[in-house]
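Input: structures, listed below.
First subunit A sits with subunit B, and in the next complex the same chain sits with subunit C.
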Partner chain A sequence: MKPRFVRKSRYEKKNRYVRKKMQLLLLIVALLSLAACNDDMTPGQRWLATTTEQIRQGYQQLSAQTRAQQQMADAFCQQPDAQGLQTMQAAWRESMASWQHMQWLRMGPIAQDNDDWKLQFWPDKKNILQRKMQDILEGSEPVSADSLVHASVVVQGFSAQELLLFDPQFATVEKFAGRQCDLLRASTTLTARVGQKLADAWQDETWLKRWVAPTATQAGLTPAHVRNGEILDALLAQIERIKNDKLGEPMGLKTRDKKPNGYFAESWRSENSLANLQNNLLAVQQLIRPAQGYGLFQYLKDSQQQALADEMVIKLDNAQQALQQIHPPLTSAVTDAAQQPALQNAHRALGELATFCKQKLAPALGLTLGFNSNDGD
Partner chain B sequence: MKPILHALAGLGLLTSVPALAAVSEQDVVAQYANVAHAVFADALQSAKTLQGSVDTLLAAPSDANLQKARTAWKAARVPYQQSEVFRFGNTNVDEWEGQLNAWPLDEGLIDYVVTGKYHHELGNVGANANIIANTSLKLGSDTLDLANITPELLASLNELGGSEANVATGYHAIEFLLWGQDLNGSGPGAGNRAYTDYVQGTGCTNGHCDRRAAYLKAATQLLVSDLANMEQQWAPGKDNYRAELLKAKPDAGLVKMLYGMGSLALGELAGERLKVALEANSPEDEHDCFSDNTHYSHFYDALGIENIYLGRYQRVDGTAVKGASLSDLVAAKSPDTDKAVKAQFSKTMAAMQKLVDSAESTRSPMKFDQMIAENNPAGQALVKDAIAQLVVLTRQIETAAKTIGVDDLNPDTADHEF
Partner chain C sequence: MQRRLFLQGMLGVVAATRLPASTLLPLMLNGCQREPLLPGTLLSACDDARGNHFVASIQPDGSLGFQIPVPLRAHDSCASKQRDRALFFARRPGRQIYVVDLHERLLIQTIDAEPGRHFYGHGVISADGQWLFTTEQIYATGQGMIGVYRMSQPIRRETEFSSHGMDPHQLQWLSDGETLVIANGGILTHPDQNRENLNPDTMQPALTYVRVRDGALLESHQPPHHQMSLHHLDVSAQDQVVVGVQHQGALTDAVALVGSHRRGSDMQWWMADELTQLRMQQYTASVAVDANGGQAVVSCPRGNGIAVWDMQTGQLINMLDIADAAGVRRQPQQSGWVGTNGAGALVRIDSSGTATALQTLRQYPLRWDNHATLI
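So, the complex of A and B:
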């Protein structure tokens, strides 16, 4: 659902000169990480400044975690042992958490070189991953980051590392003696490279200028309004993905006889599925109500939309609470009769959150909905 | 827009500007239904031709007759793929189409496969059911009777055990029965099933040739009857879906048209069918993976989208179905926008044509499953360009929608209307 603007928010109405000045100010604010408050900025600009700072910090975190994971893989592969494997698994969960926190953002630098798929290929119903990993392990060409970067994105990121570290067919100390360690090191190196690249891209002044001053798709719209709309659109797409793909698919809701299939859960091998979902919603929560700075909640309040702001927070909280009622792991919960009410409840709460965004929030913000890549089968 | 144009036309102000001929939204939706009817009628007719070829193959199995059936299958795809744009937005078409065009399928459900070259969906209990080799199938506590292969039985086996990959019917099941597994991965070559798989008695290869023949016959029969039903839904002068569509407010019809175009262009064609296969370098995710006819399937999907914008369709017999179009409505509001949308359609179709040219080259053919190979940057570039053009096209469709006052392309809303 790509929101497009039908009318201009009254908070965005500034004359051209002031708007230009504001853009520069906003850039400076963003660059100096002083997003908290600036009286000269419009509410839309303050909201964008805070979000921008959160994105920058999120990618810094991703970069740090994936770098740590790579270093641990290097250390682990010096002398693989059981404790080292556990440490690796923990490092993977930490890195995955930092990625799940940023997964909602599918535009900007991450979209330029398909980096989101390089970080994580999913869904993978036909288990392409295992087949391609097996081929590499059985091959004779040396495995390194520089060779793996030319291979399918399937074998490059978190899903590949998860297979090596958690799948019983692979995740034993003995298996890490030879090529499997080369593959783990190559894969964690590529993931760390992408993390670094994204963190760097969001420090880049040329990009930040473009980010805060996009070319408006419709005359009369301020750049901040355009960008805030895209951000909201990305959040909505993520909420729909959580509901339909991450929860609905393993619950079997897309098929005729509604038969659940735990293999369709994201991160089923590590049983990290529910942790992913909680992280996804935590990211949404922090974007709406940041600990510091100016979020959508405040923006709505300042736009005389207190009731809407409150409803948004309640809907999100309901979804987060509902997810907590599911007993992990999701892979077995979906086939457990006792878990069905909790699953249905979480699915419904996510649906209500998505519907709220589409039917109440978007119109109140002057947004209209178009296509996104979720449309289709 | 409509009343204003009508008023202007009434005053004679538009007579010298034929480009601004006052088409009404109602005319445009009616032409959409005309195109749908012609497309489905052609799909039906070409499926009947396929059925004739299949009957000939089964009556007299030979390599020549197998090739004829394959050619008929490819010809049947030409109108059918142009019908895909009607799926999204028209719930009745979307609910109906799974039985005809579901993919990817776990072909081990249907017939023999080569172990080690067959990769099925995780957790699919029916992935190796082999309906052709088995007269009954035990699934949990249930035992299914498969003795008599009929269109009804096959239809009931779709999504067996809750897996979408269990596709027992439709074009791709028939494709598998005519071509067999493509064992070449990203190398040259399609499926290579021998006609002897249909020889009865001595000479039958791979066993169960009687049941294989019965399966192919039943699947083709079901395809024809399904298409006949859909053709009737769009036929004029009946109490059917077309009548319902034309009775509703015309703007509801416009939403269906635009939603269908955008959803097919972006989410389905650029996303599911091109990008997944490309980025994963996965021939398993190729649309027509047995026949290697994927390039044409994609081309005709895109042409179907253009048909809706231009309110036209060229029938299999060459006659043109032309009438009031979205293009007319957009041009009346903004000639520049209409021009830009048309230009983007040209670019998109040119990118699709390149896929076709590459795959059909007589000198050095490169099929879709070769284009997406890991070590083929030139092939990948062709697919990437097709994706890029479709993405831009989708944005142009959104602009066209806004130009004619369709602001809300939200699929949920579209579902709730009429």
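So, the complex of A and C:
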């Protein structure tokens, strides 16, 4: 018997990880097969199985990136220097990319403790963040992850880290000499904890069983059908969030005076706004046409909806291409007259994608989208 | 237990065979109905997956009753005192009320708004069953009005009086049967401008109490922030009003989204913890107090939940998870509430003390609108 303190070899650990992963994958497939009462999974079940696996991998990635960011913050704060600050900024962008990839999913474990707000406080039109961060930095109480977790969520997640790492008022090597580094370490620790929690939650068999067999149903509606409707709903909500909040708001389209304001863009301090949008749409793309497994595109093809599948891909591609025509940063693009056609074009393309999902895709699949959340009264 | 009986129990109804003969007699005399209308029937507007609009009912056993296509998206509903007609109000800025014969399950009348006016999706009927009161706007002036209709066959408009505010939404009776409490949202809109808020900086939301006999304003109360638009409310048997807010300001403004009021006192505003406030995204939909005035539930479509509040302390008891929560309505004969959501679910909500639970009863291929009525 090996002594407990002996670390397992990388090969053993990897092997154990692969075995665990295979077991869970088989569980998802088995659960969905049971739901279908036969061994052949329906197209809807196959899409749900692949989506579930993508969600699990996405949270694994978020967990890994946020853990790496936390470790880099620990190392950076040992001896802050200019190169270390650049490394931290790069680590933040990587972590933010992994979060933006999963931002569309606002249900399941992430909703149980409102972890999405803990990960990212946004939008923040009144710049509450800066005021609250300033208060902490000017305070005298020791700052640690255990104290910060009881503070406002405003100061806990990616937005707080972004302010420390990119805002010219804070992001200098000298500032990181003392208390600001404590705050950075505390914040990245909390973010890593949330990432780990979400990754673990999606390994949990009890949750996976609930996920693939969600609710009471009536004849004609399988559990997979209900869940796929929720997934499509979540994707549509994200597309509308991109169009209305992430792009339309800084463009001034949500206010009566139509005045653009770059500070209303997400991640304006790091000028990461457009990268966020591209990551959001990349996530949608991978759910439609995953590198492995069974995506929505194939689901439509197998449902004799080839024309619709093609249209969906074109609409998404148009939106992605249109976003690429905007010259970063979005913060200044919105007030640049020369960029207005590109901005308007991207906004229109996103609108066409959302309309396609609502008016063609959901009805063709017989999926019921919610609507009070976006368009109630 | 048979599913049918189980669902009946959940909805708090009795089987048809246990109804008193006096209740059944008029239904049996009417030879055209497909099934007698049972207590515990739920009314709600809905859309199908293709975006077609309907007014519909759910039978106490969970089966769909009627599902009648209508041209405009409807919002709230109510039933006549005799439970022979259901009224569905077109959603703002709709200009129609749909009247359904509950025995024939047919649309028997469409009431058009007066020229220059539109509805806000809500209405109530007087205790004697003779009068209908609806929230309306004169959109040339932005003035909030209460339309008064005689519940004759067909229903006819008689008069109107002021809501004493702009943008009147839901209204409800106090126990005296002659005072209406009205949630005035304070938002100026115009049907030609697609529900856009035309006065975000000068909004004047107000909770008003109006005597229907003469339209006199008895009390008016303004929320602490001018953008806290009051939309929906419910009233307990003890006349405690619980009102839901749709805040038109920033997503991160720290404003209450639920308030409470009793006549003659100041308004109380109920705050949840920071995360729950953020989760609600400044938006509440349906409000329903329980039978004894102890707890109130408030649906939060954007927060994907139903908040349960202690009506005496103003404390949040729990936030129950449900995607795109929509209608909530207390059960008249027993504790708890029924609810719906935008993804087609029918749920039961139970709460006792600090123990709360939500159970999905049925799933329908429909998108339930924000309000449900139990008759």
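The definition used in the following text is that the second predicted complex is superposed on the first by the 324 of 377 C-alpha atoms of A that agree within 3 Å, B and C clash if a C-alpha of one lies under 4 Å from a C-alpha of the other, contacts with A are read in each partner's own complex, and residues count from 1 in each chain.
Assume a contact is a pair of C-beta atoms (placed from the backbone, for glycine too) under 8 Å apart; a residue touches a chain by one contact, two chains touch by 3 or more.
The structure displayed is predicted, hence computed values, not measured ones.
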| item | value |
| --- | --- |
| Touched partner set for A:Gly229, first subunit B, second subunit C, both or neither | second |
| Partner chain(s) touched by A:Gly252 [first = subunit B, second = subunit C, both, neither] | first |
| Partner chain(s) touched by A:Gly366 [first = subunit B, second = subunit C, both, neither] | second |
| Which of subunit B and subunit C A:Met107 touches, first, second, both or neither | second |
| First (subunit B), second (subunit C), both or neither touched by A:Ala68 | neither |
| First (subunit B), second (subunit C), both or neither touched by A:Gly262 | first |
| Partner chain(s) touched by A:His150 [first = subunit B, second = subunit C, both, neither] | first |
| Touching partner for A:Trp117 - first (subunit B), second (subunit C), both, neither | both |
| First (subunit B), second (subunit C), both or neither touched by A:Arg131 | first |
| Footprint overlap on subunit A, where subunit B in one structure and subunit C in the other make contact | 114, 117, 121, 124-126, 128, 152-154, 256, 358, 368-374, 376-377 |
| Touch list for subunit C against partner subunit A, complex | 47-51, 75, 91-92, 120-121, 169, 196-198, 200, 231, 250-253, 274-276, 278-279, 283, 285, 301-302, 304, 321, 323-326, 341-345, 360-367, 369-370 |
| For the subunit B and subunit A complex, residues of the former touching the latter | 88, 104, 119-123, 158-159, 161-165, 259, 262-264, 266-268, 270-272, 279-282, 284-285, 374-375, 394, 397-398, 401-402, 407-412 |
| Subunit A residues within the subunit B interface of the complex | 1-2, 4, 6, 114, 117, 121, 124-128, 131, 150-154, 252, 254-264, 355, 358, 368-377 |
| Residues on subunit A engaged by subunit C in the complex (per definition of touch) | 106-107, 111-114, 117-118, 121, 123-126, 128, 152-154, 215-218, 220-221, 226, 229-230, 233, 256, 358-359, 362-363, 366-374, 376-377 |
